[in-house]
Amino acid sequence: MKLSVVAERRIIFTILFIAVALPLIFPIGWTTEVSEYTRMAYNLIDTTPADKVVIISFDYDPSTMTELQPMAEAMIEHAFMKNQRVIATALWPMGVQMAEQAFTTVLENYPDKKRGADFVNLGYKVGGMVTVQAMGRNLKEVFPSDNQNILYDDIPMLQNVKRLKDIAWISSLSSGVPGIKEWMMVARDNYGVPVTGGCTAISAPGFFPYVNEQRQLYGLLGGLKAASEYESLIGRLGTATTKMDAQSIAHLLILVFIAVGNVKAYRTRGRKKK
Amino acid sequence: MKRSIPLIFAFVVGVIVLLSEFIPHRPFNLIVSTLENWFMIISGFAILLGQISLIRMNSYKIANRLPDWQYYLAGLISFALMLSFGILWGMQETPGLLGTGEEIVNKLGMKPFDYLFNHAYMPLSATLFSLLAFFIASAAYRAFIIRGFESNLLMITAVIVIIGRTSIGTMLTGWLPESLQFWHIPNLADFIMEYPNSAAQRAILISAGLGIVGSSLRIILGIERSYLGGD
Amino acid sequence: MIQFMNILGIWLAAFFTISIFSFLYKDNPFYKFAEQVFVGLSAAYWLVYIIYSIMLPNLFTKLIQDFSGNAILLIPAFLGILMLMRLHPKTQWLSRYPMAIMIGTTAGISLLRYMKSDILEQVSATMINPFAASSTAGVIGNFLLIIGTITGVYFFYFSKKQEGLLRVPSKIGIWFLMVSFGATFGYTVMARISLLIGRLEFLLRDWLHIIK
Amino acid sequence: MRSTLVFILLLFISCLTANNFTAIDTPWDDGKSINLNWKLSPMTKTVTLQRQIDGDIFETIHKSTEFQGSFRDNGLEPQQEYIYRLQADFLDDNIVLQAEAKTKEQWFYLHKLAFLILLLVVCFAIVYYIQKAKRGKEYYIRRIAGLDSMEEAIGRATEKGRPILFVPGISDLDDIQTIASLTILSHLAERSAEYDTDLFVPCRFSMVLSAAREVVKEAYIKAGRPDAYKADNIFYLTDDQFGFVAGIDGIMLREKPAANFFMGSFYAESLILAETGFSTGAIQTAGTAQAHQLPFFVVSCDYTLIGEELFAASAYLSKDPQQMGSLKGHDFGKLLVILLIVFGVIFEIIGISFLKDFLSGAAS
């Protein structure tokens, strides 16, 4: 049987589609192990004292929210558990909406957390690295007000927060540029604030060199798997865990594709030799 | 004139930024923070530039009835719709020209801008990226063929990591005794990520970093000037 | 009303999702339509955001509230307008002034930051005592890290003929690169599948109510 | 003699037990912080540090339970006098100590010394080699595998009478990769003019478009075929990332170019381009310094310029002295990096961490 390239592709696409859909309908419930880098990020947040002010930066947009939103929710929840106060910022315009959604979800379990006292959304600023640098000098200059137009000085939790140095940790959830790298380069390397964060699985390998002895990054959550690991660490039954089954099946399927591709190539080669 | 003054600008600005990194004394700090603030405003305008050329391009195609002009019209309409919603009623907590539009919020459940964002923009953008799942599967199918040593290395690591990053890896080699834990696939995948992968990424970072340092230096010194475009 | 609009919204989202997926079969009018709508929406989204989060708070509100105190902001505003001159071929050269300032700033900052984070910090992070690891695997890993970094950097050494013995480190360097590419590829599979899962979850849960 | 010794000893003991509180300007900084140090009797229960706001009004800035410690008060104004008060509660008693200091701005961040030295060395090397190259010194650049494909690809396109597609990445002219890409385009255009093969160049930004037209036109003139230059073959598609990719896909499917070149900065679209290009059966060469996208090009293209190879290729083809010199300077930097790592590792093994501490001093 000889199939054209296009037909072959369509078959692959259909099988993949079905293989991802099935486990979503019939969950299996496989478990995962917590990796070192996830634990590192968890420990940073876990050991920060109560009442400290922290930044979670939403540097992504809806296209990558499957991976990053569970991380955001888990980290906010973790910070709330430890009574830390959360500032949300965004280096991507759509990040502001992501932050609002994440707060809304987490607030369902923490109804007594108040905007302005326990968390605030300072909104989006353009400029990437340059802007982060400016935050290191003066946060108020960069964020004259929050996304509800409340002036910086009128936000109770920001009274003692003047610049990045007053922040206990920064977590950037990042799906590209600008993102975690800018935070690390400026906030960590220049101002010495611990930076952790999460990124899509695609960019994780590029960031691993920064999780080094110097702690340029305090751990890193890479992709959906790390998100589900984090959820299990804080004992939260989140969306990431349930999606891992589909993920595993899809991976298995791709391995099958590779095997079939090799068998096919081997045969073609055999035929050519003849 | 048209070229030399911009070159001087770039030089002065670049040198101030460089100096202020090492000099804590005033006024360097102040100049740089002003510069950074300006940068933000100018890039705001620069982003505007892209939007304007998009409108121009689409209107040109529609006016001249170029092939597929109907689709460009749809694009232009969605642009106008989203923009006017945003300007009239604002988004989320931010009020627009007509205030917060409570009446509409009562009917829609949210502001019109947010409605479009949630029900059109978000699904479109997420789905576009998810197409890559299919492409990656077909790329793996046809490209991960046993060939030379180097491409085999690539393929084998890819396979280990693909298995190791899921629950299957945990199950597959979970029975290994304590002494052989290194060969447990998730551990092996983590090992690859942590050491050989980090090493190679570091090498790319260092060499590309040098390339960027070099070209930045050439830009500041005015040796590299192609960013100014042709005359 | 709210309920109806909500259901309508979900159908709208489902329509766009399926339209985009239809590209996998082949390019078709639904896909083209969805794509252009996306282009339009995203451009408007950016524009609205720029207005509300930069132009208003950092420029116009400041100027309106205290004009003389913030008059210096007229300079970047003017430069920004010069930037727009790029739209016309005759006035395009005017945009060189703001471009030069922006590129000069970017060049200065990139020079510093890349030098520090990607060179200095990476070099000192590689200065490790390989024997200091707690396990044999760690010691091997440390050696791989050091050798991989050195040979990898050497692979990018261009101004010397890589022949004979000099070829060896370069060859090892490319092996490390290949391993790293494989690892990245494997990792990315996960990322892309995640997105697909997200979309299918929407279709199956919010739209068709097949899953809870 | 003996009495002096006893005196010193007594002084020493008294120093050990006396309650001590000092405020000193942080050295080598921007004059926005003061270091507070205290050393009290070990009986201390709590320590409260306060800064004077006005007259008798003090603001608490730090609390501690340690009898000996230090604290850095940040966020101050430069060149100002600050008065600090320390309240300590002992088991049965309490004391208040006062200290003052003036914040001073210095002219150098000492902890960035290593950074500055490395920066200067690398920058000087680059400038030095550029100057040397400009004065006519020729530098060798090793063969870059991906470039060999160029001739082959053009030849095949000519044979089949089909066009060549060149995509200069999706970044604007301010990205150095785009500039490198245009240099490669110039070379390619010259060859395609010689072979009389059509060359398509879709652009995402208007500035890239005008620069690309310039480059191609010059190349055609250089090849002696100004008549063969078609401005319309170099065109603007759209600013939108996916719109741009969809446009290129369309061109690949319709025109079926025999050779595709993807050079410059690419993001998520790399795989879409390469996969679509493959399905049309073109020879594909890619080059990018975008580390995340390299695997996809390596997997699905015939040849790939990896990372800095893109810049090297541009220098290799243009033989432009400033690019060659700069590349030689980068190579000097690489050698330096390798040496530093080797020495650093050796020092670490024998237990001397001076070099590493010095280099990473900037991080503290």
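In this document, chain identifiers A, B, C and D correspond to the written order of the chains, with residue numbering beginning at 1 in each.
By our rule, a residue touches a chain if its C-beta (ideal position, glycine included) is under 8 Å from a C-beta of that chain, and two chains touch if they have at least 3 such contacts.
A quick note: this is a predicted structure, and the numbers were derived from the prediction, not measured.
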Pair of chains with maximal C-beta contact number: B-C
Gap in Å, rounded to a whole number, between the CA centres of chain D and chain B: 16
Intercentroid distance (Cα basis), chain D paired with chain A, Å: 23
Junction residues of chain A - those touching two or more other chains: 9, 13, 16-17, 20, 63-66, 96, 125-126, 130, 133, 147, 189, 201-202, 204-206, 209, 214, 216, 223, 225, 247, 250-251, 254
Where chain B touches two or more other chains at once, by residue number: 21, 29, 36-37, 39-40, 43-44, 47, 50-51, 53-54, 91, 94, 117, 121-122, 125-126, 128-129, 131-134, 136, 138, 140, 142, 144, 154-155, 159, 162, 165-166, 193-194, 197-198, 201-202, 204-208, 210, 212-213, 215, 217, 227, 229
Touching two or more other chains - residue numbers and ranges from chain C: 24, 35-36, 38-39, 42-43, 45-46, 50, 54, 58, 86-87, 92, 99, 102-103, 105-106, 109, 111-112, 115-116, 119, 121-126, 128, 146, 149, 153, 156, 177-178, 180-185, 187-190, 192-193, 195-196, 198
Graph class of chain-chain contacts, one of line, ring, star, complete, other: complete
Residues of chain C defined as touching chain A within the complex: 24-25, 45-46, 49-50, 53-54, 57-58, 61-62, 105-106, 109, 113, 116-117, 121-122, 124-125, 128, 180, 183-184, 187-198, 200-201, 204, 210-211
Footprint of chain A on chain B - complex, ascending: 29, 32-33, 36-37, 39-40, 43-44, 47, 91-95, 114, 117, 121-122, 125-126, 128-129, 133-134, 136-138, 140-142, 144-146, 155, 159, 162-163, 165-168, 170-171, 186, 190, 193-194, 197-198, 201-202, 205
Chain D residues touching chain A - in the complex, by the definition given at the top: 74-75, 267, 279, 291-292, 360, 362-364
Chain C residues within the chain B interface of the complex: 1-2, 5-6, 8-10, 12-14, 16-17, 20-21, 23-24, 29, 32-48, 50-52, 54-55, 58-59, 72-73, 75-77, 79-81, 83-84, 86-87, 92-93, 96-112, 114-115, 118-119, 122-123, 125-126, 137, 140-142, 144-149, 151-153, 155-156, 173-190, 192-193, 195-196, 198-199, 202
Chain C-facing residues of chain D, complex: 114-115, 118-119, 122, 139-142, 144, 174, 206-207, 210, 238-240, 242-243, 246, 249-250, 253, 291-292, 294-296, 298-299, 306-309, 312, 316, 327-328, 331, 333-335, 337-338, 340-342, 344-345, 347-349, 351, 355-356, 359-360, 362-363
